[in-house]
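Note sheet for the following structure.
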Amino acid sequence: MSTHAANTAHDAHAHTHTVKRYRGLMDWLTTVDHKKIGILYLIAGFFFFLVGGAEAIMIRIQLLKPMNDFVAADTFNELLTMHGTTMIFLAAMPMLFALMNAVVPLQLGARDVAFPFLNSLGFWTFFAGGILLNLGWFDASAPDAGWTAYAPLSGPTFNGSRAMDYYVIGLQIAGIGTLLGGINFMATIINMRAPGMSFMRMPMFTWAIFITSVLIVFAFPVLTVGLVALMFDRLFGANFFESGTGGNEVLWEHIFWIFGHPEVYILILPAFGVISEVVSTFSRKRLFGYSSMVFALVLIAFLGFMVWAHHMFATGLGPVANALFSIGTMLIAVPTGVKIFNWLFTLWGGSIRYTTAMLFAVGFIPTFVMGGVTGVMLASAPADYQYHDSYFVVAHFHYVIVGGLILGIFAGLHYWWPKMFGRHLNEGLGKLTFWTFFIGFHLTFFVQHFLGLLGMPRRVWTYLPNQGLDNMNLISSIGAFLMGIGTIVFVTNVIITWLKPRNAEADAWEDGRSLEWTIPSPPPEYNFKQTPLVRGADAWWKEKMDGKTEMTPAEPVGPIHMPSPSILPLIMSIGLFIAGFGFMYDNLLATIGGLAVTFACMFLRSVFDDHGFHIDPEHEEVHA
Amino acid sequence: MNLKYVMKRILPLLTGLALLLSGCGRADLSALNPQGPVAQKQYDLIKLSISIMTLVVVVVFAILIYVLIKYRRRKGDKSIPKQVEGNHTLEIIWTVIPLVLLLILGVPTIQTVFGLAKDYSHDKNAVHVKVTSHLYWWEFEYTDYGVTTAQELVVPTNKKISFDLVSADVKHSFWIPSIGGKMDTNPGLTNRMYLEFPKEGIYRGKCAELCGPSHSLMDFKAKSVSPESFDRWIAAMKAPAQVAADAHIQETFRAKCLTCHAVGDQGAHAAPNLTGVGGRETFGGILYNDSDPNNREQVTVDNLKTWITDPQKVKPGNTMPSAKDNQLTPEEIDGIAKYLAGYKLNY
Amino acid sequence: MSAHQHAEGHLPHEPEKATLEGRNKILGFWIFLGAETVLFGTLFSAFIALRHQVLDGPHPSHLFELPMIFAATMILLTSSLMSVFAVQAMHNNKVKAMIGWLLVTILLGLAFLGLEITEFNTYVSEGHNMKTSAFSSSFYTLVGFHGAHVAFGVLWIGLLITQIFKKGLTVVTAPKIYLSAIYWHFIDVVWVFIFTVVYLMGKVG
């Protein structure tokens, strides 16, 4: 910051502006505080996690025995579509956004993200899109063409009802939110690092979020284009994917997976980050091979854009493409292996403390390895002709997404819960959550590898008896119920913890290494009273080892500028929500009205400058 | 707790191993019980990759279990472990070893990719079949012979069968697990693959791509017979249609069924060809006629009646009208079912 | 940083980069343009994949009238140049000149839009609409997306001009002007690709 700008800050301080500060519900609806937005993401994401989980349980009840008729065939397709879509876009990603909002600015030593207003807008658009997507349940049919929405099954000819409209429009609106989040966190990590926090001193979680954000920025627009094209096909009679009029359904597959494969890494890289933090903290050791970990992240992300066609080995792209994409995919195993071994050698020689967070982290490692090796198996195209679209694939991606990402999220939640809420989750219940969820998970999905190889295609509503599939399907369903119990235990834990007093220390686990553990739990609105000076990797650990009890400040105590809360993001999202319905029901008034609301908010935001307000941390007084 | 942890980690593996050893599934269905050279090559790759991956998993688990037990924190231990930055030698080792393992897997992968992509579409010794997938049935056209059948693919043993695969509506995927891996049928684009059936038998085929409510019920059969038998089958398919003995039934069948279906040289091609349908293993792909081997005739008739009476009940979303919509009396249903059940080909 | 009280004349040379907020905006906007590049890249890919599927509709070589497209291209390129002058004027703190250049920029933008609307109207009257073929769908989607970006740019820059009138050039308004100029160049670059890939390649066959 130039001295010039610093001076102007003080000038501004002298000015008076009326900034309304809200309490209660309005506070949450208008907040631009990344910590509160993180909590909103967590609540919304966990809500959708429960919805998607209920859908999963219904799927497993239907498949409990052969020729079951617990749900009808078309309902089953709605369940499997909504389960996948909800879990990926509305549960997993928001919970990751919850962690990154709650933690990344703190790890950077920043007072906020680069664009607090956009951060709030991102949350509300995601939420509006998620609600719209799920409203399909209350219409004639929820989306039913799979989360991959392959044309022409998802197109106007074979899907005449509005079912897939909810998908294309809901995901477009939610996608805006995700893209804004990606841009925001890229800019935040590049521009908002505390003095001394060089890139190679950043905690691994922040690194993972940085790379994830890059992936979001370059992958999500591809999905947007695909959804727009499918929407044009469905609503305006366009011919992108309609083979009868010159369209090409394979084009949809390419577009979807050029987005879809990086999406897989958008999901798993943050989990890698969480595991790196948790493993390092609870073995009281610095992360082994930090720079190779960073390099591996970058390499995985880069290769992640090059391998989309391995989802299409059976589409008929020809041997040259299949061979190239086989080899490309196998290569990803190398940087991933580097990460696994680095975690193992972080544990090696450490002093391992088995908290719930650590249990989830050490549960993650073998589970993810199993998901990873089946990934390499799938990379071999000729063998994939057998695995593809069978339950083997279902097993594989649940091993990486549930066994990887969800275990990672649980680890992160138990680890950062004291920082986010000022209270420790109950360790006993936490461990019960771990064991039920972990055992349930392996029961559910391990046998599914074999179901696939024995000839069970994926996305089947039911299966005939006497095909050797009955027992393993039963085991799988029992496992799913156990995972459900684990989730209920977690919810119980959250409620019980909620009733306890806030007593978490700043360095809640005592062995904290990064900057978030230097400030109170939960942190004040402005995070850092004084921006810290970072003197090395593991900034807080280094100070502790030097016998210090707090960070060296990089600035004197002074008034802190904060952005004003705003209701506009919520209203903009409502506008988009209305416009979405306008498109679906061909109602011009609603379309134009909804978009007008959104644009009017953009107009207001541009015309009226946000002057923000100042907080004096010494006196906790607020200067409007 | 650590011992418990270890046990819980190993248990699923043991379960899996037990399952693996207890059998590889039905010979007519399982990819782990290959019945033809294509599936065999794929199975060999599967075995190779599973072996390599098991090696990796064992190494990782061994190291993990060791460190989790050895380096657990004892009560009251306040010591600070040595902060190791990294180790270049180790890091090079765990970069190079995976590369070598991938090379071992990659070379046969590429060989098999190109091996399985061989094009027999112009090979005069091969049998050429055009597969067209419909919601929710399979059409097999023998382009060399001008013969079309449905739901039951009949092929000679020990010949290359060259498939042209295409879809008439949405995307499906053609999969006979014990004979060879799958290939998608795309609307508007023709894919090509070959399979071989060295042994006589009936194999189960599946649709592997989500295609609508009855995706899970879109089964078909692949029946491999001796070359002589195959020639007789082709001749029988080309012979004039057998008609129902009862003139009223024959007339009803012509008016109500042949508007979409075909038998022999009569009828239309919008729905499955019914020539010799009484000899098929299933109706609708999933109603098995051999469920009671001692009473096959009766089961066949009953299955046909079930199907004709209300096809939606058996296969939701298919386009065949129910007997009610088709204004068929119970006597007509019975007559048509008996006629079709008796419509068999000798080959 | 709220530094809105800056009077004209005390501004630093590059007022858009004077505050952390300004620098954040510029960085964020470049990232956004990265995403936009991917967006248009995908639209181009879809167009290239489908451009030969004209079915019964008119062939692009009959449809496109290059002289008019060329005129539109020149207008948009000139418009982009005008926004360069506007930013230069801003760096020299010549607010009136800046407003003048910005006005020329959006007038040219409007002219471009007028030509594009005329063009689309002609095509539709010749029986080439969204539903005609896969080619027509991908054509209207790609060119229409670009047109919508131009229209948004015109509205945005128009709004910024009124803000400059009201608030003057400050470290708050300067980044906005700068961003709108980058945006305008980006749209221009996309058009150059559209001109080449859609129109020139369409003419050739």
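Every chain is named by a letter (A, B and C) in the order it is written, and numbering of its residues begins at 1.
Everything that follows uses one rule, which is that contacts are C-beta pairs under 8 Å (C-beta built on N, C-alpha and C of every residue); 3 or more make two chains touch, one makes a residue touch a chain.
Predicted model only: the values in this text are computed from it and were never measured.
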Using C-alpha centres only, name the chain that sits farthest from subunit C.
B
Pick the chain whose C-alpha centre of mass, unweighted, sits closest to the average of all protein C-alpha coordinates shown.
A
Name the two chains that are joined by the greatest number of C-beta pairs in contact.
A-B
Determine the centre-to-centre distance between subunit B and subunit C, using the mean Cα coordinates as centres, and give it in whole Å.
52
From the C-alpha centre of subunit A to that of subunit B, how far is it in Å?
36
Subunit A and subunit C, separation of their C-alpha mean positions in angstrom
33
Find every residue in subunit A that makes contact with two or more other chains and list them.
248
Subunit A residues within the subunit C interface of the complex:
1-2, 4-5, 8-9, 11-12, 15, 114-115, 118, 179, 182-184, 186-187, 190-192, 217-222, 224-226, 228-229, 232-233, 236-240, 242, 245-248, 251, 255, 258, 561, 603, 606-607, 609-612
So, in the complex, the side of subunit B touching subunit A is made of residues 1, 8-9, 12, 15-16, 19-20, 23-26, 29-32, 39, 41-43, 45-46, 49-50, 53, 56-57, 60-61, 63-64, 67-68, 71-73, 77, 79-87, 90-91, 94-95, 98-99, 102, 105-106, 109-110, 112-117, 135, 165, 169-171, 173, 175, 177-178, 180-184, 186-189, 191-192, 204, 206-217, 219, 286, 288, 316-317
Which of the residues in subunit A end up touching subunit B in this complex?
72-74, 76-77, 145-146, 150-153, 158, 243-244, 248-250, 283-286, 288-292, 314-316, 318-319, 322-323, 326-327, 330-331, 333-334, 337-338, 340-342, 344-345, 347-354, 362, 365-366, 369-370, 373-374, 376-377, 379-386, 388-390, 435, 438-439, 442-443, 446-447, 449-450, 453-455, 457-464, 467-468, 472, 545
Which subunit C residues qualify as touching subunit A in the complex?
1-6, 12, 18-20, 23-24, 27-28, 31-32, 34-36, 38-39, 42-43, 45-46, 49-50, 53-55, 130-131, 133-138, 140-141, 156, 159-160, 163, 167, 171-172, 176
